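The structure under discussion appears below in the form of structure tokens.
Order as written gives the chain letters A, B and C; numbering starts at 1 within each chain.
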């Protein structure tokens, strides 16, 4: 097998958090803790988890928008952290991002044409203004906008249109990977499907890989080939979409899936959802052993003392839980 | 969002909102008239600013003898001197603001965008300068270098950029967290280009408002420096100097105080109305 | 049974720089005691403005006309004294953004106690006891200690629970929950929804659940009102709406939602186009430009709500033809 397009090894992201008080030292918030995965061309890896699980930090660390504290990000076999400034800039052409807030991710003082054309200005500086405008027009048409919109400004567009503009900007220089950080979370239901389908179409046409970050399990299931579940910066479970959703192994994954409100008045009943009580522990002071144990219905003493190792089966379905076999049978 | 309205940048939309603000537009007109008059009148008027006349000392304002605003103790025409004083005052206001703008925006944007230790050092430097009282600073300058109009520029400019740099830094810090900056980094845009193309244009709104408020502040500062005898010197004049001299002869010749003070006050009003108008026009909450 | 809330011909208009925004137009609905009504719509459908208007909380440039009666008393544009008596007491509202609903400089417990002191004339000590009890009912962990906390010290889910505790203090007859779980994670959302369900079952509170999420509606509501472009397009019992939606918009909305049961290999059918521009609504049906089933009358004439089945009404020309 060829080397994967993207390989992430034991990636850690930590943020210093200032403690109140004059002489206290900064504490470290472990946003992402030893996360590893591979991503192949044309593949979508979905990353799910609740607020504060580190999924956005992971996406940004892959693109070196935040500096990883430890671990490696190998892009086509080369460690991004080891590249020179010029090499990193060249790699950025392949690595793009689409953010959650469609309006905030577009510079309000620039026209759509300038925004979408910016990657070309950076990576193909020899292009004439006319050629650049032609490429921008073609890209806008491709994402479902009209080319005359290039002269307008972001505030004149709806959220869904702004997200199309973001996607056009990410796609124009021909990237190989797009990190989609909650790209449809702030959009209306009828627009979410449009944007999801646009990303799926673009993937089919160009074979780009997607790192699809979302808290919405239904959308992740729709978009991804493989899925990774994060909790407090650690991987709880990862595997092919099919087995992860039909036979979830980790109690956290099971709780997440059962908490999704299903649009079916007969199936959906609040009373028999497996409840997950309690609050997310502070990431500044995560529980020892298994981080999920404070909310886990299956927790036993060993969960406090020992952090569960990841168990991987032949299909690449991995789970980090001492009791996952009990969870599946219960 | 209709087709006829066409496409408009945020600047143009703000301009349209500004144009609907009557007080601000009237202020622009009045200010333009005062500026034009202070440029043209001293060149074309039938009295020069230094033309003293023994026949007409301290004559009250009258249209008949050509001294519209009367004359001072040396028999010089107050009309031309007031407008000439306006020329100096406005020039000081505008030039010192440009100095403050250039230093303040660069300093603040670099500090805010770089962040970390550099930011800390740069802003502590600002704090130290803040703690020096302006007057004290200027008195030192004047005693060391002697009285000189350039010292007034340097002194005011060197102090007034501090607030500007704080405003720009604060704005930069908030713009820096917006996702379009991350998007630009992800695209591979260099740090300098991000600062110039994405950050600075987005901090200009509050800066422009502050500029319209800084110009009158600087005019006032010059006025009280001149009033204290630290600023502009005879035979040059400024509104501050004229007011200072007028105040000394308030009882014999109240017009000597009234006209320059009125011009100064009207100019202050105009700048403040324009500043308010710009703030309302640029306010993002009212989109 | 007489309706608790009776809304008739409600119009909400906003005047802006560029013209008049028709946020809500000709809205009629009833709310029965103890029922849970879901109001579903996308942003700009008028679902939130409807209730802000009822509660007298419209922005300064907004005006509301029509009639909204609470137990026979007109409350739309009612004098402040009347509204103050009802709001927070008989009628309560919980918003999406729980942080801005709480005063940042006041301890959360004191904010709850304040409501009791004002509306029910309790003594400080009694109010405190009742407030802690209310926080326990919403299962705020360590309620007595959290009483002393400031809003920023609580997580989003905890704040939302405090808001619900506050709304339920005076045992209101109507609780309007405006996207109150949108900002929350699914597991926390499930906790909050269970809480609302408990209020409905145990205290008999009528709940209006404003949301864009049909999944939330399916689990909790008895009836659903679907809004589009400021108008009701369909209203009926929740089962019937999900099983036999009569309006093309409802049908399209249900189809376009990814669900855990669907086959992910099949592309989702999408609703093409953009939500309507409320300043320039088309003369006919607001959904017509995006509707795949439109025909000539849709663009010319606005369809009225018509009975599709008992208790189920829909505003579409198609239904009339069939």
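The rule is short, and it goes like this: a contact is a pair of C-beta atoms (placed from the backbone, for glycine too) under 8 Å apart; a residue touches a chain by one contact, two chains touch by 3 or more.
Here the structure is a predicted model, which is why all the values come from computation and not from measurement.
Touching chain B and chain C together: A. Averaging Cα atoms per chain gives one point for each, and the point farthest from that of chain A is the centre of B. One finds 52 Å separating the Cα centroids of chain B and chain C. For the pair chain A and chain C, the distance between C-alpha centroids works out to 31 Å. Chain A and chain B, compared by their mean Cα positions, are separated by 49 Å. Those residues of chain B in touch with two or more other chains are numbered 1.
For chain C, the set of residues touching two or more other chains is empty.
Within chain A, contacts with two or more other chains are made by no residue at all. Chain B makes touch with chain A in their complex at residues 1, 7-11, 178-180, 182-190, 197-198, 201-202, 287. Residues 50-51, 158-161, 188-194, 196-197, 200, 215-219, 221-223, 241, 245, 255-257, 259-270, 273, 275-280 of chain A are the ones touching chain C in the complex. Of all the residues in chain A, the ones that touch chain B in their complex are 60, 63, 65, 88-90, 92-93, 95-97, 99-101, 104-111, 118-119, 122-123, 151-153, 155-156, 166, 169, 173. Remark: chain C residues 42-43, 139, 141, 155-158, 185-191, 193-194, 197, 212-220, 238-239, 242, 252-254, 256-262, 264, 267-272, 274-275, 290 touch chain A in the complex.
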